[in-house]
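Each structure below is given as structure tokens.
What follows is subunit A paired twice: with subunit B in the first complex and subunit C in the second.
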Partner chain A sequence: MNIVLCCAAGMSTSLLVERMKTAAKELSPEANIIAVAESEILQYIETDDRNDRADVIMLGPQIRYKLKSLKHEGEAKGIPVEVIPSVDYGMINGKKVLELALSLIK
Partner chain B sequence: MNKVGQFLEEKVMPVAAKIAEQKHLTAIRDGLILGIPILIVGSIILILANFPVTGYPEFMASIFGEFWRQPLVIIYDATFAFYGVFSCLGIAFRLAEKYKIDALSTAVIALSCFVIQLPDHHNTWSISLSFTGAGVLFLALLTAIVTVEICRLVIKKGIVIRMPDGVPPSVSRSFVALIPAAFSILAAILIRIAVSFTAYGDLNSMITQIISAPLANLGASLFGVIISVLMIHLLWSLGLHGAMIVESVMLAIWMDLMGKNLAAYQAGQAIPYVVTKQFFDMWLYIGGSGATLALVCLMAFRARSKQVKTLGRMALPAGIFNINEPVIFGLPIVMNPTIAIPFILTPVVLAVITYFAMSTGIVARPAGLAVPWTAPFIMSGFLATGGKISGVALQIFNFIIAGLIYLPFFSVWDKKKLEEEQQASTAANSKTLSA
Partner chain C sequence: MKSVKRIEAVYCKLKAMHQGKGISALALADAMGLSRANVSSDLNQLCREGKVTKSDGRPTLFAPGGSIAEAESSETTLDKLVKAGRSLATAVEQAKAAILYPPRGMHALILGETGVGKSMFAGMMHKYAVEMGKLAKNAPFITFNCADYSNNPQLLISQLFGVKKGAYTGADVDRKGLIEKADGGILFLDEVHRLPAEGQEMFFTFMDKGRFRRLGETEEERSANVLIISATTENPESSLLRTFTRRIPMIIRLPQLKERSIEERFGLILLFLKEEARRLDREILVSTNAMRAFLSYNCPNNIGQLKSDIQLACAKAYADYVSYRKECIYISTTDLAGHVKEGLLNTKDHRNDWGKLLSMKNNYYVINPNQAELEDGEMAGLDNVYELIDARVEELKSRGVSQQELEAIMERDIENYFNQFLYGIDKRFKKSNLANIVDPLVISLVEELVKFSEARLDRVLSQKVCLGMALHIQTLVERRRRNESIINPQLNHIRSKYRQEFNLALECSKLIEKRLDISLPVDEAGFLTMFFILDNEKHHTSNGNVGVIVLAHGSATASSMAEVANKLLGVDYAVGINMPLDISPEEILHQLRTCIGTFADCPGFLLLVDMGSLTTFGSIIEKETDIPVRVVSLASTPHVLEATRKAMLGYALEEIYQDVLGITTFNEASFKAKREAPVSSRLAIVTVCLTGEGSAIALKSFLENHLRLPENLFEVIPVNLIGTENIQQRLKKISEKMDIACIVTSFHIDTKVPQFHIQEVLNLKAVSEIQDIVNIQSTYLKMGSTIKYHLKNVDGERVYTDVKHCIALIEEALHVKLSVDSLIGIVLHISCMVDRLKGGGVVVKYCNAAQYITDNRQAYQSIRTALNYLEEKYQINITDNEICYVMNFFEIKEPGEYGL
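Moving on to the complex of A and B:
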């Protein structure tokens, strides 16, 4: 299961990824959580390889203007796309964001 | 504020989305980013080759022999001197990807068309490395875009060679690119021949005079800087990635200026421009957009509110590397006028200070070296100026100025948060008493 976090350069979300991984040890050990740059996100939607394709995409609130178009791209492949709530993003609340991601996949 | 915020969100979001989603602009920005890691390697090499310490060249020569610079020059040629090539490939790739046509083969066609436009080196039918680097950025990006558009048009019109069933997909894919390649290359050579009859002589000179020179003047001016900085921080205070949106338009200009500075630095000439990508990254965004490292330090060491202090301590390590989303969304700065005012004001003030300090020559200008924006300040100012202490001194000065601007606003916010915390605890206490 691939949880893909996306922000401008993939830098600030990588902070959150670390916290999410810690939370995932209990909640969802099989989750593979990564942070990617906005310019690379299409690859995780387009690819036909199930191992590489995102199962859920979470956008940093600072690029929420991408939501509409990415949601459209994601829907075609059945990938849910959502914006990370800015409070959880700011406080780097890994557990809450992971819970949200898992609830979107189901 | 909420009403104003909502109004701004409704008005600004669609415009921001339009710019940030515009296919050509984003392809240019993302394509230019492709070559940056290679530029960073090249910059380190260039600093090693020209380390500004007396006796350094002699010292290196005594260890590695008199040709010690040779390997470094080769690396420079293979990195910086090909930035135009990398950008052409990158931009064409990203644009083709957005159009959902075969990105790699389209990028290679674009590269071929780019080479067609390169001027002859003194009529020797050879290509000079001076026409493959950052100096031809606008030629690279225009050929990339035009080529991808031609390819897309050809494919859309259905002019492709289709292979019968049974032919391996990779074979048929190579034929799919054949017709678009033929059309693009034919168009490229016709353009080259046509331009050769004009006074410009070649396409690069034409683009330089018509497009890049006026854009460079705009991007290098204090006016252009202040407008860009205001836009970036207004967008951030709404919680949108301002730099990402504004750079869709401005990055090509700032990278072009950076290339021009580097060429001068390489040649040992005076650095022509103050404003490059590093002008912003190194002297304005100390700690991230809004120069928030000073604010984070205030939070971590001066805050009396527990919440503010905890966030400051948490955000400090990332802040040293110029990442500040935890403060922007956590404090928050977004939709919070108390902190948004200094957040917008500080970088504008720093821009004016830095611009005057550098244009008057008090402080060394950025030498066109690609220092990553994540490099901590002090170190980054030293590297970006090619090893000048004045660059570091200005960073420290700017950091202090940022602290002074943030201080009164920070105090107000800290006090407000402290009062909230005290009220919450008295409320909790009285509850336990009454229970």
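Moving on to the complex of A and C:
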């Protein structure tokens, strides 16, 4: 299961990714959590290889403006796309974001 | 009939005896005094029913429930209790017997002093009965405290037994009593000795026969199947209880807290702390000393009191946390009630216990709401206080200290260690000994540092240096604890001028970080360097040192303050001038002039005065001598100490002055300043009304009631629309002081700030939306402390402040205002970037960076310039690739899609 976090450079989310991975050990060990840059996100939607394709895409709040278009792209492939709540993002609350991601997949 | 009963008894006994491995029929038969054949057949019957499993092999082992392996993990409530505390073993055995006694259990009386946990124990018995299948899963557990109605026997009886309609005036319906409500379960009667005489007979009948009547009923006799557990603090030999005990064969005595082992007490403390942590859904940190106090204080009201004392401490710590006095919920000795603190005095009785349970080195314990185990930073190693003391004895011995002296020193060390947490600073000055004002941990650290440095420098450091260093590190620790930054403006100068000493200082700094578990910026090494060059006379004679003069009313106040400072620092530096009340200010001024005359080439004077005319002397002297003078009023010993120390080190007058002023802010003031000073980091919700400020104010209180506003962070500001200035101007004025999070108004105001119509607010529609804004804004403001825990190479709070500064510069240059959403992202991004670059991490690439920069020349320039600030401050190199990513954040994109 690929949980893909997307922000401008794929770097500000790296702290969050670490936190989510810690939380995933308990909640969802099979989850593969990665952070990518805005410019790379399309390939995670468009790829036909199920192993590479995102199962859910979480956007950093700073690229909230991308939600509309990415949601559109994602829906075509059945991939939920959502914005990470600013509060969880700012508090680097990995667990909450993971829970949100998991709930979106289901 | 009989065999059915036996099979039940066998099943229950099997469950009671079962400890995971399974039990042979023989063992069970022996334990029950039955024949093996009977037991064996019962067990096989149970096996067929699926209630019991048996193992392969010989002898055949039986286990209740599912498979034997599965059963291993299932432990009953009471078994867990015994595991947690051996002193409860007897009580637990009795409780088990009472519950399992066929056919329906045995009534029990629990004896024990106030607060030993009688109610809790009864509750556990109920749980155990359910676990063992003696009671149905939803079997009632009804608690009744006889003391509640003891002065109204009629009411008590009606509560217990129920009422028939018309039994007395007002009894207009048939009502069930507690006994009926407890049918099929357990009725717990607390303080049973308060059961009035009228109720006793009825109750005894019920206990004997299981039959009773509601109040007012004559005909019908009712029955209920209730197991009675009663409890009392009284001596069971008292008259009532004697009749009671005759009917209740099972008397369970619960031990007092002081009869229980220290491990059990420790377990209880952790349990209660954990409950609080769970309630607050936050980590609770407990200082080792507070933990000691909890373990050792005299707690006459037992576990109940222990629990409430812990709750009180948690509440205090939480209050400090929510009012921003503390960064986290941290319980230190200051949060403890007086009688709890006294626990630290019981050192003799408890020293061994502490040694067993508490490690010395990590300064606190972390109680995590989600974790079962206690986290204990570094339990291993020689880290408890007694081993530390042993080590100190070894060290003193190796210095050739005599046995007698040794004992004296050790006694004082130990005493000081504990006393210093109990008494204020003034008492600590009683002996002019360093250990009186500096944490022994710091002292031992300094001793280690001195040893290490002397070996490296190949010379002996003077006492002055050692003392100075100890005080310095003590203040350092306090500063870090208050999260104040450490900035050394002379860093580069020191680094290049005293290369060898600086390198040594860097290593010392690392050692301090390791030992005290704090993080220090490189600036600190600059300060430490100063200690190593202090003995080189050349250094400070060239600059000259600031004179420190203490002036105070009273015949010996000033001189004794100066004396204390001098003795503590092992110098003769600070000068005290006393002003007895019968001497005129002119006379004192004259004395001051004479005194100043004795200093040669002094670059400045710091006057520490108490009050009155003395505060004006500074400017007089400055005019007369042309030497800069600074005055600190309301001075006390810590001021003198700090001033003397810094002056000795050759600090400039202004630096000393600022630092000494900082001491006033040690306790209350620094927190106040922290809350009030950065005005720009506060937020406003502005309410605008047409008709004067009245309704705006009403709106203000409405908002304050309906929103959760973090205190000291948010302010609701009422404004009226009609006024001398127009609304835009007034909003601008407010935004100079604080950021406006949103506006509540009945008019459209032309601004980018989100606004809500009063109507939406009053009908609560907009409240949750405003709350979201509040939450996001406060998340942003608190990000400094959030990222503090995540960044490895830099101080998170500092980076946060600096990054925010940079962003403001960029915003200004590019004429954009970012949304909070973006701000959170960009702060996180740049902070991580600084941390990454500082730690020598990877440098990211940006596709077509060159093209992107050419296309956005102006943005690039502005951002480059602003980030230069970070480059210099953190000595990192921010590449164009990185800048491109930052530029991304500032691109103006599809405005209006997000409104914040």
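Just so we're on the same page, the second predicted complex is superposed on the first by the 106 of 106 C-alpha atoms of A that agree within 3 Å, B and C clash if a C-alpha of one lies under 4 Å from a C-alpha of the other, contacts with A are read in each partner's own complex, and residues count from 1 in each chain.
Keep this in mind: a residue touches a chain if its C-beta (ideal position, glycine included) is under 8 Å from a C-beta of that chain, and two chains touch if they have at least 3 such contacts.
Keep in mind the model is a prediction, meaning the values are calculated, not measured.
Asks: When the two structures are overlaid on chain A, which partner does A:42 contact: first (subunit B), second (subunit C), both, or neither?
Replies: Only subunit B; A:42 stays clear of subunit C.
Asks: Where does A:72 make contact in the superposed view: on subunit B (first), on subunit C (second), on both, or on neither?
Replies: So A:72 meets neither subunit B nor subunit C here.
Asks: With the two complexes superposed on chain A, say which partner A:60 touches: subunit B (first), subunit C (second), both, or neither.
Replies: After superposition on chain A, A:60 lies in contact with both partners, subunit B and subunit C.
Asks: Touching subunit B in one complex and subunit C in the other: list those residues of subunit A.
Replies: Common interface on subunit A, subunit B vs subunit C: 7-8, 11-12, 15, 38-39, 60-65, 68, 86-87, 89-92.
Asks: Spell out the residues on subunit B that touch subunit A in their complex, using ranges where they run on.
Replies: Contact set of subunit B toward subunit A: 13, 16-17, 20-21, 26, 29-30, 33, 94, 97-98, 236, 239-241, 243-245, 311, 314, 318, 323-332, 334, 374.
Asks: If you look only at subunit A, which of its residues touch subunit C in the complex?
Replies: Going by the criterion above, the answer is residues 7-9, 11-12, 14-15, 38-39, 60-65, 68, 86-87, 89-92.
Asks: Could you please specify the touching residues of subunit A with respect to subunit B in the complex?
Replies: On the subunit A side, the touching residues are 7-8, 11-12, 15, 37-39, 42, 60-66, 68-69, 86-87, 89-92.
Asks: Considering the complex alone, what residue numbers of subunit C touch subunit A?
Replies: 775-776, 779-780, 782-783, 786-787, 790, 820-822, 824-826, 828-829, 832-833, 836, 844, 846-847, 885, 888-889, 893-894, 897-898
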